[in-house]
Amino acid sequence: QEGATLAQVMERDELNCGVNTGLVGFAAPDANGNWTGFDVAYCRALAAAVLGDPEKVSFVPTTGQTRFTALSSGEVDVLARNSTWTYSRDTDLALDFVGVNYYDGQGFMVNRELGVTSAKELDGATICIQTGTTTELNLADYFRANQMDYTPVNIDSNAEGEQQYMAGACDAYTTDASGLAATRAAFADPESHIILPEIISKEPLGPAVRHGDNNWGDIARWTLNALIAAEEYGVTSRNIEELVRSSTNPEVQRLLGTTDELGAMMGLDAEWARRAILANGNYGEIFAANIGEQTPIGLARGLNAQWTQGGLLYAQPFR
Amino acid sequence: MSEQTIPRQIDRSQMTVSDEVAIDIRNMNKWFGSFHVLRDIDLTVHRGERIVIAGPSGSGKSTLIRCINRLEEHQAGHIVIDGVELTSDIKNIDKVRSEVGMVFQHFNLFPHLTVLENCTLAPIWVRKVPRKQAEATAMRFLEKVKIPEQADKYPGQLSGGQQQRVAIARSLCMQPKIMLFDEPTSALDPEMIKEVLDTMIQLAEEGMTMICVTHEMGFAQAVANRVIFMDQGQIVEQNNPTDFFNNPKSERTKLFLSQILGH
Amino acid sequence: MSDTHAQTVPFVRDTMLPSAAPPIRESGAVKWMRENLFSGPVNTILTLLGLLIVWFLIATFWDWFAHSVWNASSLNECREIITATWGDNARGACFAVIRERWNQYLFGFYPQSLYWRPTMTFGLLMVALAPVLFSASLTIRRVVLAITAVVTLWAMVVLGAPVVWLAFAVLVLAGGGYLSERNITWLLPFSAIYPLLGVWFLWGGSLWGPIFVLVGPLLGWIAWRLVSRVSTLLATVAAILVTLVFWMVFAGDATGDAERLLSLSIESVRSDRFGGFLLSLTIGVAGIALSLPLGIVLALARQSDMFLIKSLSVIFIEFIRGVPLITLLFVASLLLNYFLPPGTSFDIILRVIIMVTIFAAAYMAEVIRGGLAALPKGQYEAADALGLDYWKAQRLIVLPQALKISIPGIVSTFIGMFKDTTLVTFVGLYDPLKSMSDAVRANIEWKGIYWEPFIFVGGIFFLICFGMSRYSMYLERRLQRDHR
Amino acid sequence: MLVNDQRYRSLTFQVIVFILVMAGAWWLVDNTIRNLALMGKSFDFGFLWSRAGYDISQTPIPYTADDTHLRASVVGLLNTLIVAVLGCIAATVLGVIVGVSRLSKSWLFARLMTVFVEIFRNMPLLLWILIVYAIFTEIMPPPNAYRGDDPAASMIFFDHVALTNRYTAIPTLAMTNDPGSLDLGARITFNWATIAFVVALVGGWFIRRAILSHAQAVQDRTGDRPVTWWKNLAIMTVPSLILIWVFGLHFEAPSLQGFNFTGGLNVSNSLVALWLALTLYTAAFIAEIVRAGILSVSRGQSEAAFALGLRPNRTMNLVILPQALRVIIPPLISQYLNLTKNSSLAIAVGYMDLRGTLGGTTLNQTGRELEAIVLMMLTYLVLSLIISSGMNIFNARVKLKER
Amino acid sequence: MSEQTIPRQIDRSQMTVSDEVAIDIRNMNKWFGSFHVLRDIDLTVHRGERIVIAGPSGSGKSTLIRCINRLEEHQAGHIVIDGVELTSDIKNIDKVRSEVGMVFQHFNLFPHLTVLENCTLAPIWVRKVPRKQAEATAMRFLEKVKIPEQADKYPGQLSGGQQQRVAIARSLCMQPKIMLFDEPTSALDPEMIKEVLDTMIQLAEEGMTMICVTHEMGFAQAVANRVIFMDQGQIVEQNNPTDFFNNPKSERTKLFLSQILGH
């Protein structure tokens, strides 16, 4: 098992990456079936690191229900589907979360007309919720803790949740705040919907791999770290070629494989991180291109800023 | 075929015809869509008469007798059965139907009921006879058609001849004054024809008024007191059987008889 | 004797009456109305009710259809056009979404430049089906093949098919037409290799793959010929073994080697690009083609007098029929990997096809069993008495008749299966109904559009299913008449 | 040689097949065991007794997030049964009406019914579920449209039923003299009033049977059938009316409070849509079955009955229906089976049936896909076997006797 | 009925019986479940013999001849056909079946194949004769049974008599040495019986070994050289036809003959 995944991927010459069936900004196919999004970018970076080509990815759309099975049964090599890192998933479901690529929390979106300004006022409300997610559990806990009642409307996919919410079949739509923002952004009239201030849970989202193949876990983890570190050190897809030649920062040199053969320790070549960064840019570039403030989704960096900027992103040292 | 099928001496002692009119059809016309099936039918049947209707296929024989108990509606003219005129009045239709029994070519027994239940169904529900009594009557008629031992079987378990005899018994159980037969033997194997004809002869001997569409000319000669020949929806010739067979008047009749007796 | 004839009035008609026209109320439109619309109070009420329903439907939907917009790039634009053209409160359909996204509904994410390939595949399918489905009548064959040829070639030209392939399609269509005029059974070899060709056209890759897949049974057949002198049973076992061994051990390498020697490949397209009706049809056609033979085998097994075989088949059939298809699809997507050797994983579409096939086959088996049971025992006895062995008797005598009897049931199973292909949405495939519409609606321009995609997709399903059921009715009548 | 001997041939063949099947089964089991080991999972159903942690929108028996997965699954199963039973009843009623209407002499109406049948039969069920659901969510007003002095929407059935885009609010039954409940343990309770009604109805049904058989006896004796309908009516209604009076049973109409209607029963649209779609779709098939059944009774049968003087309604009851039912009921029951299985499409509208609970959230939260799916399939299998054994018993009982 | 059906002078010149044994049945017993259908049957048929089996319904006639080509399995005793013993060995069964032709009461033609295809099916698939040759043979036999012009029709388009003749031709196409007939005329209308019997007589004249279950006593008298009478699964009497009909020995035979010739 150890090292098997890498060998398989190499032999297949393609990375199978589990993604969302369609969440704008994170992973969605366009009219031609080309996948784009925040999670997609990670998959491409990983493919670039391992196989040398960001296009060598097969995206496997997974629903909330099928995602972990797809991973544990080997159908996908890595799952980058805004999945929350929780204790039971890490242990009981035998997954290994390789890091956090987005710090999120569960929130509520309501129609402005409703006149609700706080989640505490949602007693008796009907709430749309995706089945098979941690949000389902958080919601139950939150309403119990606050001694409120609610009626869940279980839905199967984000698209359906939007439909229900838009049609007014539920008073509030709850999911991760990032998802709410993405959803809201796609509305014809975003202004008439508000995201309530309460964040009722911690939702560290990150890519996950199977238990048992630590080498593959390392590759997935350090690809993510490479993207984050690159932002920290100012390595971007534009200046990377130049930095390869000219950078004097030893950490950057190690990252870009100009000194020390870090890649060999994981069974990759020296330039793996370079390719990963070149694929879509560093973490900051990916964020900005897919979900950042310039995009219709318009998420601020917030918790997802570098630790140096007061955020939580903190890449372990490349040494 | 015709000679063999009437094996025994017929007893004509009971077969008297009274003056009473049982069926009176005047100027009756019927169309199917724009197709003129029955044209100006005039027919008077007296109580006790045994009439055989013959004619080529499609000549309207079945339609005629089906009009008599209003399985088909006629569009012009009058049909009076036992003094009751058949109009669209449901009361009259009911009255006529309970006095006229009919036996079909394909028996039309009710396959989900036993033979006995087939026979008692109508008496119980139409005539409101107590079950015991209805069953007794049914058994009497089943004995008459010689299959009392089959009373508890289902029609599907009987042979064709037996089924047709049950059908006759079923009609008789309503104690009809008139019996209509529409080619009662034509769906049967040769051996079975005889047993059904025997039953019909027995009925005739008891003085039942009968109208029978059949091609069994032996039966017609032995039993009928009138043979009616139809073609293209009209009565072309009617006569007593002796004259009809030996001395047909119309060309069509001759042609028909030559075909039917020829083979 | 004379007394009994006392009442007889001899009567002879000398002139035949002409047939008269029926009374007015017995003919024409009046009669039709009286009989078909207003015969009796209940029917009159029903007719009025019917009129009411029709009027209600028209009143509700007429505006919406009449005010439909075909040319717009987003739902909002549609709404603006409707407001601009028919006033503020007008409602209207926005079929522009179909115009814009028809390609996704039909082809999913299949590469645009290769649309001609699925088109050609399904066009040639008609040729392959001709000896199976349209053997009953030359006229039907002519019509079907002519329409197929025109539509396929036109579509291929429009979709920009390369000249070589156009020529290929022309060749096959013309050849099919020619053979169908001469003797339709000569097309059967084409029908036999069509499945492999179809797979190759759709997925692309090396032609050597299908070729070596074909070589397997060929070798098997040779083995059968060699061993059948000794024993038929042994020969069958040998044939199957040889085929399997060839496939498992040699086919893969041989394909690679041959490809290196002489490249015969076309651009390959991955399964995840399949979607929309292309996906439905692929799954549907494959399922239909595979479930019929499997269903036949299951039905024969269930009719067998061998206790074990019979019980196994009964258990299988009852199990499959007892669970919803959607749970089987879940097995395909979630559990199949548990049951296979660690590390194996194969295409999700293939897995779905397998499950759909198994599901349809269980139903098919029951339908065919009905046909088998309806055959008189005498047919089996006559076959026995003539010295035909079990398999020959089945193939030549029993199955042709049993299948004919079961045509209506078989076709309705097909229809059911084709409709059920929409359920693949629950395992993450892009079916035309739900997933594809969700994907279209995930775009900001078409968010909130429901009815038009439903109508479009539903309409296509209706055409195909209704067509199939009508054709089966025709076929049934035709076969009945032919043999009587 | 064994294979050339008629006696041993089939035996040999069966032994070979048996060995192959066993080998295949062993292969599957072995693979599964190895895969489970590789994934570090086990095969046990212990997870059913752990806390579920999620809520279900429609709970026929009391259920909270603190209950076990087992209880959640049972709730799901009950939800499946609810929609299946409601669907079967409605589809039968509608199907019979449509099927008989197709034979109606009113050309227009018969044609309309044909169109209905063809349209519903030839499009996927999933489409109908989505369409009906969309109709409910898109076209019905939201609950707050009922708010205010001049509401945009108004309730129907004398202010007792409100159709909204999230649920249909219908009145509940309330009692002024609640007799308390019978506790069956596991927090499953039955109100004594319910039990009293069931007893009254079942008892009434038996009394009705007694009355009918008495009527039959009188008819057999005297030939006249006593009029029984008013006795039957009384037996079936009077005890219930008395019970209603004793318990002070009355409707409690829903009223808008806060976000939603309260006081009544809010039947979620997912149930209503699923139920309606299943009903329409299955009714189209049932209509064809009914039509074919009636047509299968040859014209000769009704003609014979008419010729015997039986009235049309008697003919229907005594001759046509008993025969048609034999043809109708077996395929009808397999439609019930299909409907029950099709109810698993509930997933499309988020109705929490067995597949939504055990095969959905539970599976997903616990990661026990093997156990959950096996359990779910077995449950459906048992349901199907129960239904089809009912059909076999019926078939054996009504089989026509033939030579 | 019996006299009429054999119209012409039978030519017995070819109908010689050789000493060679074609069928040898010894001590054969058969049970259906616990019902003992055939008891201690001993029967030797020589090449060229024409044997008629008669007996009341249910006496086991059909079962006996069905055992001869193993449509039914016997449980005790021996059946040897042309030197090949019928055991459960499939090879032997195949050999026997391809030498023994059988004609059924209900023809059992294959309705989905044309007459010609019916006749060529077994030669092509069992004997592996080239199609051309098989068709030529088939046409020869169809001519022999006098319906070459129907070769391209389907069985459903033929009358019963024609169908039965096709069935005979179909069997003959396998060039059997022995022909078995199980009441070949009993499902036919009287007119058609004659044509089938004619065909069978012609076969007999050509020296075919035949075993025929039939109630056509005219045929038996004209053609058979042995009549076997069975009752309750036993051979009660066997004799040449003249003696059998004129001088039956056993009581049961007398009773049976009186019934069958009586009507």
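Order of writing sets the labels: A, B, C, D and E. Residues in every chain begin at 1.
In this text, a contact is a pair of C-beta atoms (placed from the backbone, for glycine too) under 8 Å apart; a residue touches a chain by one contact, two chains touch by 3 or more.
Since the structure is predicted, the reported quantities are computational estimates derived from the model, not experimental observations.
*Asks:* Suppose chain centres are the mean of their C-alpha atoms. Which chain sits farthest from subunit E?
*Replies:* A
*Asks:* Can you name the chain whose C-alpha mean lies closest to the mean of all the C-alpha atoms?
*Replies:* Closest chain centre to the overall C-alpha centroid: C.
*Asks:* State the superposition rotation angle between the two copies subunit B and subunit E, fitting on C-alpha atoms only and giving a multiple of 5 degrees from 0 to 180.
*Replies:* 165
*Asks:* From the centre of subunit B, which chain's CA centre is farthest?
*Replies:* In terms of C-alpha centroids, the chain at the greatest distance from subunit B is A.
*Asks:* Between what two chains do the most C-beta pairs come into contact?
*Replies:* C-D
*Asks:* Just give me the whole-number Å value for how far the CA centre of subunit C lies from that of subunit D.
*Replies:* Going by mean C-alpha positions, subunit C sits 30 Å from subunit D.
*Asks:* Return the distance between the CA-based centres of subunit D and subunit E, expressed in whole Å.
*Replies:* 59
*Asks:* Take the average of all CA coordinates in subunit A, do the same for subunit D, and state the distance between these two points in whole angstrom.
*Replies:* One centre to the other, that is 43 Å.
*Asks:* Based only on mean CA positions, could you tell me how far subunit A sits from subunit B in angstrom?
*Replies:* From the centre of subunit A to the centre of subunit B is 89 Å.
*Asks:* What residues in subunit E touch two or more of the other chains?
*Replies:* Within subunit E, no residue contacts more than one other chain.
*Asks:* Mind pulling the subunit C residues that touch 2 or more other chains?
*Replies:* Within subunit C, the residues that touch at least two other chains are 334, 337-338, 342, 426, 450.
*Asks:* Listing for subunit D: what residues touch at least two other chains?
*Replies:* 4, 35, 38, 134, 138, 347-348, 369
*Asks:* For the complex, which residues does subunit B have touching subunit D?
*Replies:* The touching residues are 69, 71, 94, 97-98, 100-102, 104, 106, 108-112, 121-122, 124-134, 153-154, 156-158, 167, 170-171, 174.
*Asks:* Can you name the residues of subunit A that touch subunit D in the complex?
*Replies:* Listed in rising order, the residues are 1, 64-65, 68-69, 72-73, 89, 92-94, 123-126, 131-132, 136-137, 139-141, 144, 150-156, 160, 163-164, 167-171, 210-212.
*Asks:* Residue numbers of subunit D touching subunit A in their complex, please.
*Replies:* 35, 38-41, 53-57, 65, 134, 137-138, 142, 165-166, 257-260, 262, 266, 268-270, 347-348, 350-352, 356, 360-361, 363-367, 369
*Asks:* What residues of subunit C sit close enough to touch subunit B in their complex?
*Replies:* Those in contact with subunit B are residues 1, 3-13, 16-17, 19-23, 26-27.
*Asks:* Please output the residues of subunit D touching subunit B within their complex, sorted ascending.
*Replies:* 219-225, 298, 300-301, 303-311, 314, 318-319, 322-323, 326, 400-403
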